[in-house]
Amino acid sequence: MADAILEVRELRKAFGALAATDGISLEVREGETHAVIGPNGAGKTTLISQLAGNLRPDSGSIRFAGEDVTPLSAPARAHKGFARSFQITSIYRDFSALDNVALAVQAHAGHSFRFWRPAREERALRDPARAMLEEVGLGGRADVLVANLAHGEQRQLEVAMALATRPRLLLLDEPVAGMGLEESQRMVQFLSGLKGRQTIILVEHDMDAVFTLADRISVLVYGRIIASGTPEEVRANPEVRRAYLGEEA
Amino acid sequence: MRARALILAACVLLLLAVPALATLLKQPYYIDLIRRVMIFAIAAVSLNLILGYGGLVSFGHAAYLGVGGYSVGILAFYGIHNGWLQWSVAIAASALVALVIGAISVRTRGIYFIMITLAFTQMLYYLGISVEEYGGDDGMRLKVKSQFSGLIDLGDPVAFYYLVLALLLVCTYLTYRLVNSRFGLVIRAAKSNEARTRAIGFSPYPYQLAAFVISGALCGLAGALLANHTGYVTPAYMDWTRSGEIMFMVILGGMATSPGPALGAFALLVAEDLLAGWTEHWQVILGPLLVLCVLFFKRGLAGLLPGGGKDG
Amino acid sequence: MNLILVFEQLLNGLQFGVMLFLMAAGLTLVFGIMNLVNLAHGSLYMVGAYLTVAAVQWTGSYPLGVLLGLAGTLVVGMLLEVVALRTLYERDHLDQVLATFGLILFFNELIAILWGRTALFMSLPSYLQGHVEIFPGSIYPLYRVVVIGVGLVVGAALWYVVAKTRLGMLIRAGASNRTMVAALGINIRLLYTVVFGFGAALAGLAGLMAGPIYAVQPGMGELILIQVFVVIVIGGIGSIRGALVGALVVGVVDTLGRAFLKPLLGHFISPPAAEAAGPALASMLIYLLMALVLAVRPEGLFPAKSG
């Protein structure tokens, strides 16, 4: 495949007797938005965790931009351009929204063995962070403590933090999970604005979001990909229909 | 915020006035007492860095009091009384010990970390007991205090008092700058959410280790001060119950706040002093008090200050 | 070096290891199932010793005294769990450490108030005094052999309960999935109290057996507690097997080290240097061992939850 920026080969991960990832191979082009869907328990989050570096696969390889990143830790991959949002919101609850994003910026703005100057006064960190918050629509909530943000706003913040690291690969794990109709539509609109500019792997249950955003879709069932292709191809695939037991696809 | 600053300023002024007040009331004992409290406050400030801000439950902090104290004691034993040299060694040795212990323990998590830091302190305690040369179980007397070539005479209780006060304020300020710097934010982020911290690109280990070393070094300074204050050094400096006491000061005063450690040191040690005057068995009262404090008073004394005591 | 001397010290190490195991088993069970760091475990060890001394004096009979002492420790343990420790299950480890630290202060002082600070003497009945002949011409204290025996029997019984009985199954299940066990309708509170009482009784047993060998005084619990921590770190949290292996290793290494390191060193370096370094190094030996194990296997040798 031309321009495959991410190549996953025969990835396997077992927890005891359970094969959560059972020989997954995948290729994603640069600038593509690739959705991963599947019934609950299919192993979607396990896959994302292995791609992000949070989980070590038992076997298989992950190549990014021609380089083998399989042995790299999560922080190391972050510096290669990986960014991740978590399925269960995972941000800094005791800090403000701006602090959160500024920390993501800080991770990629030189080293952090600086002991004296207050980081909150560094324009080089605060300005890009503020801009990012504006972009996702949280501009007015910059100084609010995360614990006081609404759930939907926290999900937006997750995405903002991922973007603030200037990623080359975005791994989004159910970005609209738990959001109301209006909020998820706004998020989908925002994500579609990223299409082409960012390479995105998107795990989602919300089919409207998936079919609006995805260039290609892979269907994951019991740790295996049973179908992979354009949205139309996947929609028409009988195996996919079977896997979803008659669910709207 | 103004109210908080004013209250803290008043506290500092009160501390400045203690020697004069004590002399006026013909109670020089209080100069000694408050000086001792302030030395432990410095130890608490150092622990607050890794415990309060960093979330590393180190139950072995008393080790650095011992390393710092014995640095002074051992050098004095061999006739080296230069304060600059002694205290530099105290700080450097503590940093080194913290580096070694930290390199092994910071990799571990949760209960392992607690037990390992405790075990290493106990190891140093046993080391102290078994080296007969330096007094073994009984420790050594510090016959000559650290000398600072005429700059200050530690034998003068009031001069020494002001030195300790100055060092406490300096250490508190240094910690304040540290926890708001880039480095400090990474430490606090790692405590708040380690998975997120790794995801954005920070590997917590080097930062936590560095904080551990800085914390140990500061506590080593407190140890050097303590040796000069009491006039002797014993393995009891490293008794693990002492580690527990310092932890309590940090919790009681309010974790992850600037005035917390000092407030906690004052509250705990003054309470101990009062209770001890009342009954020989004061620990039977203090123990349950501490339990109640943990159960119901987590925010600590700094949490009672206007503004909640948190600084950023 | 005298082979018989080595063997004697090995037996001493085994005896120490057995006591460490009793303490470690209780502590690791409580941590594995209730996720509770209990620093006051050493206090239960102390309570066991003191209650037994008092009971023996009161009844004039050693066996009866032992039974009363054990029962008393069990009761104290369960009371402690119900009154003070229940609230700590939900708290983080820091809170548990600090709260149980407060309890240590309380217990030590309470014992001091009731019995004073000087060490008590625990006398043994005549049938436990005396020696056995382990090799022709070499004798070894009978009591220590009994301690080893009791420890091994308790260890076997513990293994049986945990591996073969329904209670043991609940314990193992609770160790790996607390919420599931509760969801199955098992009375979790009762289970916890029973497990804690179990652990307390084990500590009490170790304490009363330690009485005649070591000193019975306030603070005796903390000295052994830290060594128990080393055992648990080496053996792995939450695992009885790990506690046994760790305890025997620590017991033997520590005892042999204290006995033989100084003369051993004397072969390589000058006697005065060995005189100074020997005891120091010997006391640090188990901690160095712990550091080594940590470097190679950070979760311990037999952690209960793997992966």
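Lettered A, B and C in written order, each chain numbered from 1.
Here is the rule we go by: a contact is a pair of C-beta atoms (placed from the backbone, for glycine too) under 8 Å apart; a residue touches a chain by one contact, two chains touch by 3 or more.
Since this is a predicted model, take the numbers as computed values, not measurements.
Viewed as a contact network, the protein chains form an open path, each link joining two chains that touch. Among the remaining chains, the Cα-based centre furthest from that of chain A is the centre of C. The mean-CA centres of chain B and chain C are about 32 angstrom from one another, to the nearest whole unit.
Centre-to-centre spacing of chain A and chain C amounts to 49 Å, using the average Cα coordinate of each chain.
Centre-to-centre spacing of chain A and chain B amounts to 43 Å, using the average Cα coordinate of each chain. Within the complex formed with chain A, the chain B residues making contact are 177-178, 180-186, 189, 192-193, 195-196, 198-203, 207, 210, 312. Chain B contributes residues 51, 57, 59, 104-105, 107-108, 110-112, 114-116, 118-120, 122-123, 126-127, 129-133, 240-241, 244, 247-248, 251, 281-284, 286-291, 293-295, 298 to its touches with chain C in the complex. Within the complex formed with chain B, the residues of chain A that make contact are 52, 54, 73-76, 78-79, 83-84, 86, 90-95, 99, 103-104, 106-108, 112-120, 122, 161, 165.
If you check the complex, the residues on chain C that touch chain B are 31, 37, 84, 87, 91, 93-95, 97-99, 101-110, 112-113, 222, 226, 229-230, 232-233, 237, 276, 279-280, 282-284, 287-288, 290-291, 294-295, 298.
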